[in-house]
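Quick one: the structure is below, and I'll ask about it shortly.
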Amino acid sequence: MNPEELFLVELTVNGTPLSARVPSRRILSDFLRHDLRLTGTHVGCEHGVCGACTILLEGKPVRGCLIFAVSVTGSAVTTVEGLVNNDGSLGIVQRAFHESHGLQCGFCTPGFITTIHAFLKENPHPTEEEAREAIAGNLCRCTGYQNIIKSVMRAAELIDSGVRDDH
Amino acid sequence: MKPSRFQYVRPRSISEAVVALQRHNSKVLAGGQSLTPLLSMRLAAPEVLVDINGLTELSGIELRGPDLWIGAIARHQEVLTHHLVKTHVPMIAQALAYVAHPVIRNRGTSVGSIAHADPAGELTAVAALLEARIHVSDHQGTREILAADFFVGPLESSLQHGELVTGVSFPVLDNTWGSSCQEVARRHGDYALAGVCALVQVLDHQMVSAKIAIFSVGGTPLVIDVMGVHGDPEQLNLKVQAQIEPDTDIHATADYRRQLVKTLVVRALTEARVHAESRRP
Amino acid sequence: MILGCAMTTKSFGEPILRKEDPRLVSGQGRYLDDLGHDALAAAFLRSPHASARILDIDVADALDVPGLIGIYTYEDLEGRVAEPLPLLIPHPALLNGRTGYPLANEYVRHVGEAIVMVIAEDRYVAEDVVDLIKVSYEILKPVVGIENAKAAHNAVHSSVPNNVSAHSVKEVGDARAMIKSAPHKLSLDLFIERSACSPLEGKGVYAIWEEDSQELRLWSSTQTSTGVRAAVAAKLDLPLQKVECIAPDVGGGFGVKIMHPWPEEVLIPWAARKLNRPVKWSEDRREHFISSAHERAQEHHIEVGFDEEGRILGLDVTFFHDNGAYTPYGIIIPLITSTQLLGPYKPASYRVEFTSLFTNTVLVIPYRGAGRPQGVFAMERTVDAIAKYLKLDRTVVRERNFIQPHEMPYDLGLIFQDGRPLEYDSGDFPASMAMLKKMVGWDDFETMRGEYAAQGRKIGIGVACYVEGTGVGPYEGGFVQVETSGRINVATGLTSQGQGHQTVFAQIVADELGVPIDDVFVTTGDTRRFPYAVGTFASRAAVMSGNAIALAARQVRDKALRLAGEALECDPQDLEIVDGIIRVKGDHAKSIALKTVAVLSNPLRYAFDESAKAATQFAVGDTSKPPVPEDQEPGLEGKDYYSPMASTFANGMHAVIIEILPETAEVKILRYVVVHDCGRVINPMIVEGQIHGGVAQGVAGALFERMAYDESGQLQNASFMDFLMPYATEIPTVEAGHLETPSPLNPLGIKGAGEAGVIPGSAVFASAIEDAEGFEIRRMPISPSELWELRRTMKENA
Amino acid sequence: MKIIGSYSLDHSPAAVFAALNDPAVLLQTIPGCQALEQTGSTSYAMTITAGVASIKGTYNGLVELADQNAPHAFTLKASGSGGPGTVQADVRVNLAESAEGCALTYEADAVVGGVIGGVGQRVLSGVSKKTANEFFAAVNRYLGGDRSIAAVVQQSEAGSVSIRKESATRQASSTSSLLVGAVIALAGVLLGWLITQ
């Protein structure tokens, strides 16, 4: 059997240009985690249901496990690591999760945070039902979602109060 | 759960794409939201994957004559929120609201969903009900397939080896028409246990046309003209039940699916009528 | 209860924000698959058959895959690795315990059992190789489901022809005679189906063999790193001192990660040593479904006798437990069901008999709740049936059967899962019920029902009670150390999977020592930091490690005060510690920093930094005494263990109001109310979070999740597409009320809270659905389709 | 899982029975059948390419037959495996006279294992019924004189397939049992499920 053909995949990840040569079948979440070593993006099911691998592709949340890295070369990607403020303090959604006990084991959390970050850009003043709807494509086994919804509402409050968020 | 090897082709034009699709055991990669899990589970192992995500000429959503054209790589979310869709073929947006979750809709394509011919696909029902036309290219030329001829079986279309769906055109319906998409799923965003789309025309507060498409019940979307019986729930149900052949699976019995269809048909027709009335200026 | 000392910033009992969070929300967690990027990857060929004999394994086609490192079958295993996996919890009633091999030895007994291990440069390649290996099987007739296991036309293990792994009978009083003579009798058959923990992170193992020092370091996504360490050392024939096991951040456990060693926990270290290269295996979702563990499947037959008032005179429970293909974790689940079924009630007599059965399905170990959801379902359905029969309010029958507060501690006359007498330590069940009824508006419900009925809507209310033995032994330990920088290091051996241990244990230490919580750093699940431990399960971490750490902190405090007393020339009794400063009560000028005492506690020869200079031999010391007094040790640190006489018993009561859609039989949850008593609460925010998560799993288990095996032993819903773990849109907002009945059994007065929320799920929904529909609900979970079919059957029968 | 289905053919039960037991016919009519050969007195091996759209794979199967009662009924026991999974099935086929010609009914008791069994439930029975109908339609056409190769499914096959089909036909023709074909036909139907996901 022949060695696999490699493709150069170049991404701008969290503002930094990064690249690696990988086979065409490398899944984007694996590429970020193992080739670029950004392990904040998690993989919970590899079939697109759990949402733990959600990242922002050109600002829009997508499932990292349902995209081939080679297919998005040249794109800008934001992961949960990239939502930290430039001074290292927590971004608004991250802070809201901390303040609202929106996580327990933390495994699903990066996918929620990226999803909610994008959601609040579009709808900065959600109702609780809209918040529930917004997170309804992500699975969490620990929290029962109640405090995640609370976190969405808290993040909206923080945005309103003018708390710093670099992203 | 990792895909097996494939040769990756990223064509720069439709003509390059259809040439690449001539290769043995090739498969189109558009949004990949249905295909990638199949690849990761190794249920599908195409030798060649033709990635059309770079074909920006296929990303359009536009009016073309009497039709609304949706290109092969227009994402569900773009379609769902597009003003032309909302204005001219609102049923598409009504159906897309049920398709998975926003994050999936950001990447998945509406045309890909039709090409996938999933019996639970909301858009297959919309395409069938609106008599949409599927535009196909291969290395020899192009052709159009009527939705009624396109869906052949569960996950199977009349698409031939080497063919690429470039877009789907939906006839634009004026504001005398109303539509609705209704379904019941176990969880929010899941494949429906049963679903019904309804399309009605109302003139002078009189229903003059009423058709439904049933999905997730049987292998292909089933279109039924219910004009005449639409006002009589009993006759309506008799007519519909005679034509469906639901299966029992781990989530629902066949009879429960029949019950859902009975309920959803009425719900969809009622809502479609309300929708038609609401669209009038 | 803490100490009788003054504290300015008490954190025990406060909703302190979690110390874990900043790391985890910013992507800086380190879960198993985040480690070892350059390690070799393992993948497994797993049986597609539920019962088969392996005839041949043909690897010829697989050998030329670039990147392949090794292919291993049972024949390749060496030494104790080739022996059956250990039976972790033997029990006299477990007559025929059976365990599997790390790789199947001739027979496979469930779909998913590992047959071949492939090691390759990465996981993609490893899976390519797996695809090219051909195994031929002689397919045998599988045993699936309790009925087939009982019938025993086929055997899971040929050496156990009747499929019975265990049988047990317990009696308190003569229940059968009491039922016979009771004024009223009922019998019920009740079923609960299989479900599973399903943490978002699967299992995983990463091992590094240090050839030079002949040492093994392994990371496992486990609920017990000490257990894994001991098991792997034994299997690999290594001295314990040459093996260290670390649980990194763990993405949820809920029980499935307490089992050890999993086959992979033996095989990956074995391969790492054999190849002298780091090796990693990360379980994927499909593997988790078919090769980890499930729980819950039980079939119960109940005979109950009661008086006119609804008081239970005799309760006779016979149940069958499906333990899957193997019993590595013993029969803990049916033991818990049999002992915890009674909940807050005191039937005059009780008999329970269970039979545990082998089936050709994934093995069974505890899933959050561990046998209690089934027991509570059985008991609560029985109580509801009595109420219905006597036309009494369901809560009234419950109240009449409650153990009363003045009867505490209450001995149930049974032996609990820890081998000790089952005695409730505390609890006020009538108060809990009163609170629940008030919160949910129980007494006004008929008005609400009428209002809904007037709109053509159908609603129902359900109630369920439980008692949960928590904080089981045998022990946990705690270590507390004050560094000269003022940093407080705390270690305990048990592991964390999201319970907030780094926060709650820090809260305990901050209060005990009088230091800012920010200075306290907790390590869990690392055998290098604390080698003696049991593990995180049975709602035991707060009770066991919390108390051990408190005791260790008290040692440190005593030592600090003694040393400070010497330095300040005063009686330690007159000292207090506030914000890390030891000072004389009432004379705050006279003080010494705790970190300075840490310097003094360790007499030094060498001044490696400024603070150390203060402890060198020419700087300090009473020359009339040795530098380290005879009964003392250097360093300001303490270690202690907590080993209780008995478990503590938390309790709770849930009520739910549901609406059932008339046409589609979909169940909508209108309100979900919880009253919970877990003794003194360390961090109410975290306890509430545990309840929310537990309730979500309870809802899931009642209305959504099941393991849908077909008759041939194929799991038909082995993905998140068809195993219906609920999203936010399916889970209600929980309204929680708290009672605090302190446990008299431990220094902190606490009880466990981890599992509570899930326990009454099936019981409370069955109660509510029955209330709404009017017919009996005897099997859970229930889907809209099943409820609709049941409704139709009832109508046809009527 | 149990699959029950029926099909109405325009020819007599005897003609249908004969066709279903003629390996040459079966090779032409089983969707995706590539090759078959006798491996024992009542056992046969077959290779089948099956699937929907371009999601296809090649599978190897074994078939045993029993309970033959010409021209009314027969049972086949089939098993097969490929990348996505395994299948074992007992299929009872009954043929009865009808106004149209022959009323064929089948009842399959099948075990679908591997990945496909775990994730394919949503469409398994739909796909299997459809594949069965395609097969019987092809048999019907064959009996009606249409000799074009299994039109429905073969359209998308590459050229190399038909070459292998020809060589396979020769192997098949050498088998003696009249029942082989029917058995393999239905095995093919069942195996066809495998890669439909």
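We call the chains A, B, C and D, going by the order they appear; numbering starts again at 1 in every chain.
The definition used in the following text is that a contact is a pair of C-beta atoms (placed from the backbone, for glycine too) under 8 Å apart; a residue touches a chain by one contact, two chains touch by 3 or more.
Since we're looking at a predicted model, the values are computed, not measured.
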Relative to subunit A, which chain's C-alpha centre is the most remote?
D
Please indicate the chain closest to the centre of the assembly, with centres calculated from CA atoms only.
C
When the centre of a chain is set as the mean of its C-alpha atoms, what distance in Å lies between subunit A and subunit B?
29
Whole-Å distance, subunit B centre to subunit D centre, using C-alpha means?
31
Subunit C to subunit D: how many Å between their CA centres?
50
Two or more other chains are touched by the subunit B residues 1-5, 41-42, 188-189, 191, 250
Can you pull out the residues of subunit C that are in contact with at least two other chains?
124, 131, 284-286, 708, 716-717, 719, 721-722, 727, 729
Please output the residue numbers of subunit A that touch at least 2 other chains, ranges allowed.
4, 23, 25, 46-47, 133, 136-138
Let me know each pair of chains that touch one another.
A-B, A-C, B-C, B-D, C-D
List the residues on subunit B that touch subunit D in their complex, please.
24-27, 38, 41-46, 116-117, 119-120, 153-157, 159-161, 191, 218-219, 247-250
In the complex, go through subunit D and note every residue touching subunit B.
52-57, 83-84, 115-116, 119-123, 125-127, 129-130, 155-156, 158, 195-197
Tell me, which parts of subunit A touch subunit C in their complex?
1-4, 23, 25-26, 33-34, 37-47, 49-50, 52, 79-81, 83-84, 90, 94-95, 97-99, 101, 103-110, 113, 132-133, 135-149
Complex contact set, residues of subunit B against subunit A:
1-8, 10, 29, 32-33, 36-37, 39-41, 49, 51, 53, 77, 100-104, 106-107, 188-189
Of all residues in subunit B, which touch subunit C in the complex?
1-5, 41-42, 184, 186-191, 193, 250-253, 255-256, 259-260, 262-263
